[in-house]
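Labels run A, B and C following the written order; every chain starts at residue 1.
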Amino acid sequence: MTPHIQSIIHPAGIEAARISHLWWVMFGICAFVWFAVAAATLIAIRRGRHAASAATDRQASFAVASAGVVSVIALVALLTQSVVTGRALDSIRTPDALRIQVTGNQWWWDVQYENPTPSLRVTTANEIHLPIGRPVAIDLLSNDVIHSFWIPSLQGKIDLIPGRLNEIWLQADKPGVYRGQCAEYCGAQHAKMAMVVVAEPPDDFERWLAANRASAPVPVTPEQERGKQVVERGPCAMCHTITGTLAGGHSAPDLTHIASRSSLAAGSLPNSPGYLAGWITDPQHIKPGNHMPPTGLNADELQAVLTYLETLK
Amino acid sequence: MKPRMMMVLCAVMCGALIAACERETRRYKELPAAANRETGVRVSQLEPGMPQQRADVKSPYQENAWGISEGKRLYAAYNCAPCHGVNGGGAIGPALIDDMWIYGAKADQIYATISQGRPDGMPSFGGHIPTQQIWQLVAYVQSMAGEVRATTAAGRNDAQMGAVPESRQPAQTPIQTGHR
Amino acid sequence: MTAHREAHPRLTENDPRLDADALERERRLLERTWAGGRGVIAWLSEVDHKAIGRRFIVTAFAFFALAGVLAALMRIQLARPENHFLSPDAYNQIFTMHGTTMMFLFAVPVVLAMGIYLVPLMIGARAMAFPRMLAYGYWMFLFGGIFLYVMFALNIGPDNGWFSYPPLAGPAYSYGKRGDVWAQLITFTEVSGLVVATCLVCTIFKLRTPGMSLNRMPLFVWAMLITSFMVIFAMPSIVISSTCLILDRLVATQFFNQAEGGDPLLWQHLFWFFGHPEVYIIFLPALGMMSEIISTAARRKVVGYMEMILSMTATAFIGFGVWVHHMFATGLPQFGVSFFTASSIMIVIPTAIQIFNWIATIWTARRLQITVPFLYAASFFFVFIVGGLTGVMLASVPLDRQVHDTYFVVAHFHYVLIGGSTFPLLGAIYFWFPKITGRMMGDRLGRISFWLLFAGFNLTFFPMHLLGLDGMPRRVYTYPGAMGWQGLNLLASAGALVIFVSLLVYLVNVAVSLRAGAVAGDNPWGAATLEWATSSPPPPYNFTPQPTVASREPLWHSELRPPAIVGLRPDDREVLVTYLLDAEPDHRYSMPGPSLWPFLAAIATSVMFVWSIFQAQGVVWGSIPVFITLVGWFWPTKGKARLERGVTGRLTARESVS
């Protein structure tokens, strides 16, 4: 990971850029105000110490009123900039946006790419791919408590509230990998509910989408076959879905293309066999309180499962 | 203060301490229970001769609020609702909130029921659900029949309410029937 | 009106009733009448506003220390990425306890406590209105705090943040009793706050000494008056919402269950309708303290008395109209939230006017004295203003949607709360320490602790702005190493250490000064207000003879020679009740004396509150002891009618002092 992939002032999309611009304008005005007041205070202390001022109370009140007027002007400027930015942010809405539905769970993100044709829909978890230069509308739902969807490089945040459908519009303009994180305290593992956002050229995005529509590949080697058996026969299938197999649970992230993702456990771990093995063996050690139990697989079973999961690209 | 009063006060505070400790502990990092509690579980009350002595087995999560809450979550996640009802009121499967227990109301008997499965439709979850999750479900099922302390049992659902929440269920004295 | 005034005689210095021996005899009698007594029962029965004020301040600072320790634990955990110093569950409990303690058990009680101690002295009254209810308010505060920390020690500490949003804090996702403990703590502290606010309002309205019309009240008294009204209007909202939450959790009501017609957002509205005025409740008394300290240091009255009062009033009113700015990220309609952007920006204006008036006061000072209290007051201009300006940024919806729930907000509210309330408070403690204890606090230690705090505070909280801008959310027990946040976090944790040292130095200063500080006279700072007209510490009866005032700065205008008033009975706890607008004498009233009933009633109420967490029946059966204690409290005292006695120019021989 490179630094500043979750930064408000390093925008990678038009919406975040507008907000970043608003930030700098406000920062500039506010910094100026702070320095002016600080200077006035220091000068006042200096003058006060030497009883150097001969100003009457009327003159003092007049100065106060003038400063008040200047403050009002500055505040109106800030308010205006804010309103202007707000309207600009709204201008991104368009009828032919890419639509995604994100459902928040404790403590992972369910991501579904919508499509009028059901067979063209894509389900994944904790990772979002976006084509650059295209507006994206994301519908936000929650299965349990209030979460907050936030990808700072691209847009402000909005809450996922159970019983409500919220919507957020954003657009990625710079290719790269960014990070989003839940921004509303949602329980024990709120700190580890992140997501990876990949912004890529439209062709790469379509390729990724097509690859993710496919079911899990049929196992080739006996070890992979054994792994699939363990997944279907053991606890994995109770919660996870791998399309094309008998694993059809819905209370945990979809694993059909787990091997193509760059992170595990909602952005908590890099996706490598070592980390995956550690996660499967004892998820409570890495993310205590999350809903995945220790699976109780022995060494052989674990190895077989890892081999199988590696094929799920 | 008299010494006896002090002792009583200390005893009360220790009791509160222990009760609170157990109720409020979040036992995330527990490893699965080593023993599978099924062997030796008797489903029928008929025995030749004198009934054998049986240790009174309780679910490890009987007094643990987190465990019972997990049981409630798993009850929904593992699809118990379509057969037993969203709040345990029964559908094509028997109700869990009443006092009629076909295969036994004790914790180890309920464990065996979930793990082994039962005739006429109860699937066998042993090996599919880890042991400690079955114990959590056992504790939750018992709470549905009012067998668990009200301060530990789960509160109401954050969904449509079909029944009194488990924490307010009246305690049902179990009757083993053998019939549905 | 004139005729009414002439009915009251003006006493001159030659009046025989001001004979020194007679006054001395009166003082001794008054001392006996108003003194609290010795022993445990007497200590528990105390109703003197000064004693209760001291207790409130000490207790609040004890909770401040506890919450500070919790903050230190949090900073140790966050000093390094993926740290294992605290488990996630422990951290979540700790950050919740830190916020809850600071907001409910320190910040509000301590500012009300300063009012309890100082307001009667500043208005020339001998007592506070409803003294026994005031004592009850203190005991409820103490028992609530003890209750919370005992529960925390038993692993039942709340863990859903100090604002406890459902559905997370509701029955389905917050198991065990932690959420109920939080909701019930609110009940304790709200009862205490409402009671104290009521006493303050009645005292300020009806017990001001003659001559102190509303427009001659000190600015601190105005601040306490406005704050008390804010308390009365804001706290019912959280009483309602915490009651709804505990009902949802315990008896399956549906207030926040969207599936059955409730709404999680209802909580947020109800909570923040209280929560925003709450921070102004914390802030406004500090504005009053600022005015007194700056005025004294500058040796002149504050510029723009009317403007200051109107600003504080405007802040209070507008403060009730900004609450939705805490909910900008919830997806409420744009048009609606834009009103709250406007009001949140507008609320800056009155505070700005106050700041400019203070600067003008300092500018036109007659030989400014840079005392330690003045240092604390001056730091406001550098610290609070940062927070105020980041507040304007947060008022903008687009920017708020980026920085909401990040460390930027954490930085903002610490700058406004600590810069706007805690710095002035520490200065105020230093300023009024001589009056409360009779000794001066050490100057050297005072300056050292100030500069350490100033440096440590900025070192801790300024980096948090940058962390928020870099994407670090709030309420996280750890963060990944690859994000590049560890440098700033380590800096913040180092700053926390400096803050700890500075507060330790301050505490040492207090402890040493209590024993060996320079003895303070009546008015060591040369201040203007009435509390400096009596001895340090004041006698239990505050003043004799009862002073009257003819200006806003009575001690700076002694040439006006306003009359003193004699004739209040020395053998009874008599106070002079006056009219609201111009403080014309109305009648004399006999105040209740020490009583154990408030303590017993507080115990009964606490038992009822705690019992009801564990059993719904507790509300029913627990109310019986409460009823019994209230009956005992209000039982008419045999033989001693609470007569309201008239005021006349003539005193009968029986009522005279000799």
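One rule holds in what follows: a residue touches a chain if its C-beta (ideal position, glycine included) is under 8 Å from a C-beta of that chain, and two chains touch if they have at least 3 such contacts.
Remember, it's a predicted structure, so these values are computed and weren't measured experimentally.
The highest number of C-beta contact pairs joins the chains A-C. Each chain gets a centre from the mean of its Cα atoms; the one farthest from the centre of chain C is B.
Chain B and chain C have CA centres that are 48 Å apart. With centres set at the average Cα position, the gap from chain A to chain C is 40 Å. For chain B, residues touching at least two other chains, in rising order: 26, 28, 158. For chain A, the set of residues that touch two or more other chains comprises 144, 162, 188, 288-289. Multi-chain contact residues of chain C (touching two or more other chains): 89, 167, 172-173, 258-259.
In the complex of the two chains, the chain C residues touching chain B come out as 89, 154-156, 167, 170-173, 175-178, 248-252, 254, 257-260, 614-615. Chain A makes touch with chain B in their complex at residues 144, 162, 188, 233-235, 237-239, 249, 251, 284-285, 288-289, 291, 293-296.
Residues of chain B touching chain C in their complex: 16-17, 20-21, 23-26, 28, 65-66, 68-69, 72, 150-152, 154-161, 164-165, 167-168.
Contact residues of chain C toward chain A in the complex are 87-89, 92, 160-161, 165, 167-168, 172-173, 258-259, 263-265, 298, 303-304, 307, 329-331, 334, 338, 341-342, 345-346, 348-349, 352-353, 355-357, 359-368, 370, 378, 381-382, 385-386, 389-390, 392-393, 395-406, 468-480, 482-484.
Residue ranges on chain B touching chain A, taken from their complex, read 26, 28-29, 31-32, 73, 77-78, 127-133, 158.
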